[in-house]
Each structure stands twice: as C-alpha cells, then as structure tokens.
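Each of the next two complexes has chain A plus one other chain: chain B in the first, chain C in the second.
On to the complex of A and B.
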C-alpha cells in the first residue's frame, strides 16, 4: 500500500488539504510519534500532510503579555531559545527533559500536544501554564485551552478539518517548576510528572503520566488562595492530589506506587516554588 | 589505520547482497500455545515464494543441545512470535504485503509463562519428548526429566548437606528472581542463504559457525562439508546470534525459491528471537558463628522458553557457579532448565551466572548481617585461594579472587559499617571442554595471512589476535590479514562465546607461529584442546579449565520517599592475568558494567497475555549515556599470568554489588531489576521491621 505525501508551503494550502482529505489525511509534524505508530503497524495513513515547509509555523514571538509559539517549533529550540529561557524558563526545562536530543531535534510542540500521549512531558506543563492552542480550519479559527484540548489518551477536541497551528502561553507566572520523576532510563517518559505554576490567577498544579490526561484540580489548588506556600500547605495539596487521582498501572509503576509518588512529587514541586 | 566501524566503511551482515537475491519475511504466531488448524496462502501473488510447514515436513529436528525444533512448527506453535511460515519476494515491502494475504487459523492450547508454574505437577507440557541433539554443543550429559517441562536437571553434590546445616549456628534462606532481558545489539539478526549445485552457502551474523554448520547439516540431512558458513563482522551480539536462529528458514526458502534469500529481522522480531533466562533461585546457607561457611544449598529454575536452545548449558553454568568462590564443605545444587511458552532464552553475556551470583552474593550479605560480621570480612574469610579445591573437586589455579575483591572495595572507599557501600565477588566458568585451531601463512612482502573461526562482533578479538600475532611474528599489526570466518577454509573452533577466544585462540596462535617458524612450508598450524566437564548428576569433575574472576563495588544513596536509587559509583575489578590490547580490554569492562547496570536498575522483559509486552526500544529501556554512574574498573595483571578472557566478567557482579550497597542501608532487595517501586517496598519492609522491634 502506498501513502500519498503532501508537502504544502502555505497555511491556506494546509487547511484546504485538511478539509479535502478529512480523516484520511494524517498531519505530520516532527514524525517522532507517527513513526513509532507506523513502525509498529498501528497506523497506516492513506495520505500524509507534512507541515515541515509551511511558512510561519516555526515562529516564536512575544505578543504583549503572551508568548506565541508556532506548532512546528521543535523541542530542541524550546530547550535553547534565549527568549523562552528569559520569559518562561519552565518551558525550556520541560522540553529539555523529553527523550533524547535525537528526538528533541524533530519533535514539535504542536505534535506533542495534538498526539495527547498520556506519558509525554509537555501537556502537563502547558496545562499548568494555562496555555491555549489555536485550531484553524478552512472555515474558521478557535482558541482552546490545553486543559480542554486533551480529552483522553490520544484523544483531543481537534476536528477532522482542523490544524493546531500555534500555542499561546500567558506570561503572568511568578514562579513555575516542572518535575519529572522517572523509574527507568533517563530517556524514558515520566512515571509521574508535576508542573506547578504560581500565576496571577492563582496556583495551578498539573500531574502528568498518571491517567488518560494530565490531572488538574482547581478546588485543591484553591487551598493556596491567600496563603503563603510553606511545607505544610505543600504537603496538604500533595496529599489531596494523591487522594483524588486514581492512577494507571504501566511498566513504569503500579497504581499504588504512583499514588505515593504523586503525594511526594507534588509536595516537592510546591516546596520548590516556595524556595 | 582508521577503524572502519568508525568511518562507516565496515560491511556488516545486513550489507551482504548478491544478484538475484529475494527478501524473506516471517509470519509469526500471535498465540503463545496453539495448534495450527489451517493455512490459506491462495491470495499470495504467484511471484512470491511461500515456505509452509508442509514444505519442511521432511527436514529433520534440530537444536544445539536438544533436538526440539523444526524449521517451521509442524502442528503446534509454542510462543507469540514462533515462525509459522515464511515468504520471499523481490522486495521487503512485497514480502510484507504477501504476509498480510495469508490466513492462518489456530486452536488455542493452554500455556505456561514462568518456570515456577511450568514445574507445577499439573502444568501443560510445552514438548512431549526430549531428544538429545547430536550437535557437539550437547557435550555435557543432558538430563531431561520425562513427563515434565524440565529439559535439563543439573546436580552438584559435595559432602553431607544435612550434616552441614545441623552444625551451623546461623542459617539464612531466601528466594531471588531475575527478569528476562534483551540483548539489543544494534545490528539485528541477518542471514543470506544461497544454493549452488546442492551446496549451501550461508552468510550470517553468528558467533557459532561450526555449530551452525552442524545443525544445518542435521536439518537438511547433508554432510557438514557441503555447507559453507561465512560470518562477517557483526554489529553486536552479546550471545543473541548463536546456533540456528533464522538460518534454517533462510536456507529452506532459498532452496524452494531456487534463488538466494536474505532475511533481516526487524526490532520487534529481535525481542522474539532470543532473550536472557529469567530465573528463580532459592539459596540456603549455613555458617558457624565465627563466619566459617559450612553448608550451601541452591535450587535454580531457569526459564528457557519454548525451545531449549542452549538453556541446558545455561542452567548448568548457573548451577555450578552458584556456590561462589568460597570454601564450603557441604554443597548441594540443583539447577533446572525449564520450558515455557515464551520466546527462547539462550546465551546472554554472563551466561546464567549473573543470575546465580545475584542470588548467592545477596545471600552473603544477609548472612553477614545475621552473623554481625562485616560483609567484606565474611567474604575474605571464606574465599577460595590458590590450590584450594572447589566443590566440583577441581583444584583452583591462578586464583585472584582476593585481589579483585580488595581492589573493588578500595576503589569505592569501602569502610566496614559505612552505609551505602556494597561489594560482590564472582567466579564464572569458561566453555569446557573446548577446542581452538588456527593456521598462519607467510605471504610475500613480509605479510601474514591467518585463518581462524573466531568471529568479530565488536568485541575486538580480531584486533587482539592480530596484535598477538604481530608480536609473535615481529611484524606490524597492519601486516596481518585475518579474513572473516569461513567454514570451508577456517580450521575448526568450538565457538566465539564464553569469553574464550583471546584465551584459547591466542594460545593456539602461539603454537601456530612456533610451528611456522619450525617449518619450511611457510605455514604453521596450532591447536589447543582443554578437556574436562562435569558429571551432570554429581557436579564433580572440571567445570572450567579457566575461571573468569572478578568483583565489584558500588556506592549508592536512596530517596526513601520514592525509592529512587542514585548509584554514585560502580567499580569492577577483573582478573586479566595479562592484558593483550589495553584499550579493548577496558571497553569490554565498561560495556559489561553498563549492561550490568541496566540489568540491575531497569531492564526487564515484561510478560503480558503470554507475550513480551514491551518489544520495542520505547517500552524496553537500555541504559543511555545520561544514566551512567561513575564507572571505574581495574584490569588485574600478574607477572607470568595467563591471558584470561574478560568479555563478560564485569557484568555479573554489578547488580549484586548495588543490591548489597542497598542492604547496607537496611534495604533487602530480592528481585531484579531493582526498580524504585521495589526499593520503596524494601523501605516499607525495613520500617515495619523497626516498628515491630520497637
């Protein structure tokens, strides 16, 4: 079986192809995730639409109090970009711990959010940062928070004719920390990850790799309202997160083990924030 | 001279190609245990050659130690990944497409997925019969237990075990397990088969050219001389490319197609082709209150998977190395190689001895704790020394356990009672009996040509042999040619396994060069033969003509809230006797330690619904450079020492040293790998113990 390969160069062309091909047209960003699926025979697309040559998809720009990151910006660029490091170092810290440099050279921010793999690092970080994605189609444009974007493992609200074109990150955080807890190789995905952000709207804590999608509990985060972060509060929130989450079991750890690690790692992330 | 492996000029087996060659792919069972009820290949295009079980029905059973395998299963599949049939087409893509057009129907049968259940009285049998192989790899008296899944039971008995335990002041008894592991060589299995006038030519990545030739001769009912096996350098093997892997299928496909056929496995298939034996090992050890060891009883179950392969040999070495390098008057060992419905397990760097050293050396620290004696001191008190007899009855010579152990302890700054530090010591057997031969020819211009069957797989044995030859012949290393092994040309050799090539072939080379210098034909021949072997029912005799000796030390710290372990430093001390090529010897140590680290911390083949659940490099982790602790090592030499093999020695002691370092923190780990979850469970166990005591 052969696969049709489309390599559009403009945004309009991408949206037109996406509208035409519908679910038969698989978007390819960095290919690090699709490649694994195809190698394992899980996915055999009829047509692929490469985003590699689309003008404007690789831009990083500050827009007032927000940062706009094009869908095709690679993990490696986010790891090293001077503006990112200056404006929101947690983004760089998160993308720097994904897999290895070979993967980071290709994997993109748009790709990793659209894939919605439960064990990827960036989704939890982006949710804690209250980031939004721009979804465009031939018939319109909408913005969706990353929190609402990801529904479950590999499931998002992206429609068949839509393309994730941009990620928008507010720059109102006073402190932010991403902790990746691994149980195997340094290159592995996390067993538990915690992103904790103190922003103007309050505390946001997202726990990744423990369920179908990153776990954020606004009512528990609200416990921090009007209180200074200290070890007691950190422990309280950590324990509440561990109680609320019903973690999955996979090769990186059992559900019971993850529950214990969540309490510890959430607490530590909050202690880091306070430090 | 630039190393072609660095410049990219090295031709590996996957680069082997001939005109008119077809590409083979294998259809594999999706059930762990099932009867094949029908095969429909009617949809396959005519230009694709299909090899069905029926096509190979007339071929003979084979197996390097037990003849339990056919080129394709005749009626029954025994593991997820068992080849059912194979196709050959003009391209890999066409072959893969043809596989999708084949319909196989199965009737599922009960299966067994670990060695403990497989030895239960009512366990379904994976094989009905155990026919001992005629291959010379079946050299040691194989003892299948009829009516069970045990394909070899090895026993070692010295003294009176009951009397030994009766006299002991302290006894420790504990059960340990180790997980299965994949070799993960960069180059997958690859073979190119062609037939010419009834002669078979097999170009393959394989460490055992003569054993392979023997098994192919058995399969096809041919004379070994009518089969030519050529083994170009491999991109890694670590034991995975031994005996018959895909060569039988490639040869049968090529014969049916009447065209050369090349098969290269993909990564997922690698995980279904040969792995390391998972083990369950029970150890009971007794000592006097002064620390003198009195009795040791070891019971090993080695899960050899669906076909025995060299599993009997692995179980035997697992067993005979399990008493460890100690003087123990009363010893009883039983080690079983057990069939299960998992992919075959076979040779893997360490050859069963990592498993028994893990169990035995962990037990030593538990015993030390119970005796209130420092673990290093307990070892030093009981170590075998020059001239001591091992429990097999053989007298130990060129003994260096104490030097290795002291070196490892010193390197990590070992101090009695200081938490976070652990040591282990090992003895590992070499293939015995064993044979090596080599031919050296003088060529014009002061060059020399060497024919030998030692296979290059990245370990650098050709470089080691060329260096030794240049030294003996008084020429430059660049003046020595050593072409790849070719059974039509190379003099016979047992095989390139067991860390034996530099030791055995190196000495054969000395004889060959002396012979060359004495002769006027311009040709010299040398051979070395080591006799020995053990009685499989008593374990008495000569287990190893030459023991690999080493030790390791580790320094660790633990996050007691999550169980995450930081290994700060690992040191391995390996007895080299005399180093031939220092850089390569160092790389062997480093490579072994890295594999040992992966084994210790996270490498594990997970079994899910009767299949390997993580057959890819995303779900199966091997250590990356970022994982590695500080790794140091010593190559211990002695004036006039023998050249000792060292391709594996630094692997087996690493997990035990790390486990013992954790023991020094009060954490008892029994199972490999030592995942954070298991370490946290050990923290809980220690906390419970403390609370119970309080």
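On to the complex of A and C.
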C-alpha cells in the first residue's frame, strides 16, 4: 500500500491532520533524520505530513528581548543569517558544525529538537540558552523549555496531536560558547559537546552527546554565583560535571574516556567564556 | 501517487510511493545513474543532487518532497563544463565513484563563491568522501576550475 502524502499550506491544516492521523501521521520537516530511520527499516510511516509549504513556519523574528525562530528554519540559514550572527552568534556557531552542508541545507531547528537524538549538537546549545519551544495542537498551545522537552534518546513530551511550531530564545546572554569535541571525522557528531552561557539569570552549562539527553546541573552552575570566572572556577565546575555525569559508551568514546574529556571541555568552555 | 517535478530542465512525472527515497526513483524510474547510493545516512555524498539550488542528499529525501521542485544532477552540465575539464586536467579521478557528486558540489560551490580558499573548499566538500583519497588533487581541480571561470 502506498504511503499517504499530505502537504498542508496552513497551520490550521497541519494541526487538523495531526489530530486526525495521530501516531499514524509522521511529520516531515527537513527529512534528514526520518530518511535515516526509513532507510534502516526502523520507521515505515502510513502517512507523512510535510511541513515544507506551511506558511509562516520559516520565519525568524526579534520579539523584544527574545528571538523567535520558526520550526522550519534550516541549519544553513541559522549558520549564515545576519540577525542571528549579530544577536546570538552561538546559535550560528552551533548549527554551522552539524554534519555537512548537504544535511544543513534541509535539517531544521524544529526537526532536530523534536528528534531528540542524544548526539545532535543543537539540543545542548538550546538548553544552555534557556530556549523554549511552542507546541501547538488543534485544542491549544503551550510553551515548554527545551530542558523539559527532551526526556531521553528520541523521547520528548510532544503529544501525538501536537506540532513543534516555533523556538524562542531569550537574548539576555552576555557571553556564550559552544565547543564540539570530535573523535572521528570533522563532520561527525560530537563525542562530547559543551554549551556554556552567561545570562542575566546566571551561568548555564549543558553537556551533550554523553547521555540520553543533555546534562545540566543547576547546583553546580550556582558555584559561579557572585564569583568572577577564572581558571580555578572553570576547573572546579568542569571537575564537578565530570564527577556527576555517568557517560555512555559508543563508537565515539568509552564512558571512562568521556568522563575525562568532560572535565577538560567544560573547563575550556568556561575559560573561553571569560576570555 | 503521481509526483511531478523538473529534472535537469525537463518536466517529469513519476508514479511511485512518495515515501520512496529520491535516490531510488532517480536511478530507477528516471534512469539517472550518476546519483549513487552508498551510506544511506547522508554522510558520504555520492547521492548528491541539487534541489531548488541547494545540494541535497537524495538518499534521505522522500520523493514526495520533490513535488513542484527543480532537481538537477551532474547530467545537467555540458561535457565541456570547466569543472569537468579541471577534474580531468588535475588527474583528480581514480575509481570515479564519488566524482559525479564531487563535480556537482564543486559546480555549486563556484557559483556561490567563484574563488574559494583551501579552507572554503575543504568545508564545502567536507561531506563528500573519496575512498581513493584524491582529496589533494580534487582541491587542485577546484582551484583550476575557479581559474577557468564559470560557464557563460
């Protein structure tokens, strides 16, 4: 039986299809992650709902002290967009190092957050930036922080009838750095990634690719409260993160190796932040 | 489902499951064998096509997503395209398996950036793997093609 292909052009149509089809309707954003799942026989959708032609999903707009990024904005656009570069360069720096240009041309910010792959670059960066997502359904709309959105590998709090439509990033950071530590080729996913952000609410450090979801520890970040960042404090926080995290083992590094790298990379990210 | 798009300047319509990947439809129904399947995860680059002006992994794009779009493969180039000449002159080819995608990606790079630096070439081709290891000569070919200029 042939797969049903839906190509809605309005938000209302997307939400109606999502409500109607439930788990049988797979949303297609850039398709780069879905393609991998389908090629490997992990996913065989009965119906696909393409978000490629929905009006308004590709918008980037400044809204007061926040940046609103439509779910269908591609990695490539975030890499080069002049407003993004000016307002929050860490977003551009992070999306610029995902995979290769061919993938970045299509992969979207909504897609990568909804997929919740443990080894993707953007989730840790978005958590450190204290970003949140807008989840819409035919019956309502809610905002969820990216920190609460991702529960585990490929698992989010998005309900069957909901669509991730927008990402909202506060613009109150005074310094922000994303570091990607690779153990294989340049375009590979990270072995360990660190996103460190100094914002009005304090320091936020998220470590990606080392567990089912990005790791952030608010009590450890609070060690920086009232203290100037220097190499001693950077080392203290790096060591505390390494002690707290129980890293996974995969082809990019063993658990023990990752533990050592976390201490070093968190320290370096914080030193970069102070520089 | 019938899917209509433009392929190398000609309107085409294929009857297929929209969940089939563009790669298999291009190679099968459309007879375009310059796109090649290798990794199936968008990593190696041999399946590269250009969709609405953007390099794209055809192994990851369901063909349903091509409806109404403009698709190009290396077959769209003239045989005397400066990039093809440059690859031959620079001896940048050994087995040739990755070359159609390399040529297509380089053609696109030079349209966007007519005089790329070594770093810019490396970044643009970061996702195109050559298992013969011709990278240094491929980089020479890019500089040579840049010197020849884009076709009129």
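Everything below uses one rule, namely that the second predicted complex is superposed on the first by the 274 of 275 C-alpha atoms of A that agree within 3 Å, B and C clash if a C-alpha of one lies under 4 Å from a C-alpha of the other, contacts with A are read in each partner's own complex, and residues count from 1 in each chain.
Convention: contacts are C-beta pairs under 8 Å (C-beta built on N, C-alpha and C of every residue); 3 or more make two chains touch, one makes a residue touch a chain.
Since we're looking at a predicted model, the values are computed, not measured.
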First, second, both or neither for A:52, with chain B first and chain C second: second
Which superposed partner A:8 touches (first chain B, second chain C, both, neither): neither
Partner chain in contact with A:102 - chain B first, chain C second, else both or neither: second
Touching partner for A:31 - first (chain B), second (chain C), both, neither: second
First (chain B), second (chain C), both or neither touched by A:238: neither
Partner touching more residues of chain A, whether chain B or chain C: C
Partner chain(s) touched by A:187 [first = chain B, second = chain C, both, neither]: both
Contacts of A:40 with chain B and chain C, given as first, second, both or neither: both
Touched partner set for A:70, first chain B, second chain C, both or neither: neither
Common interface residues of chain A - those touching chain B in one complex and chain C in the other: 36, 39-40, 100, 186-187
Of chain C, residues touching chain A in the complex: 1, 17-19, 21, 40-43, 45, 48, 54-57, 59-62, 64-65, 67, 105, 123-124, 126-128
Of chain A, residues touching chain C in the complex: 2-3, 5, 7, 28, 31-32, 34-36, 38-40, 44-45, 48, 50, 52, 76, 99-103, 105-106, 186-187
Parts of chain A lying in touch with chain B, wherever the complex brings them together: 1, 36, 39-40, 100, 181, 183-188, 191, 251, 253-254, 257, 260-261, 264-265
Touching residues on chain B, where the partner in the complex is chain A: 97, 267-268, 561-562, 564, 601-602, 604, 606, 613-614, 616, 618-619, 621-624, 626-627, 675-677, 680
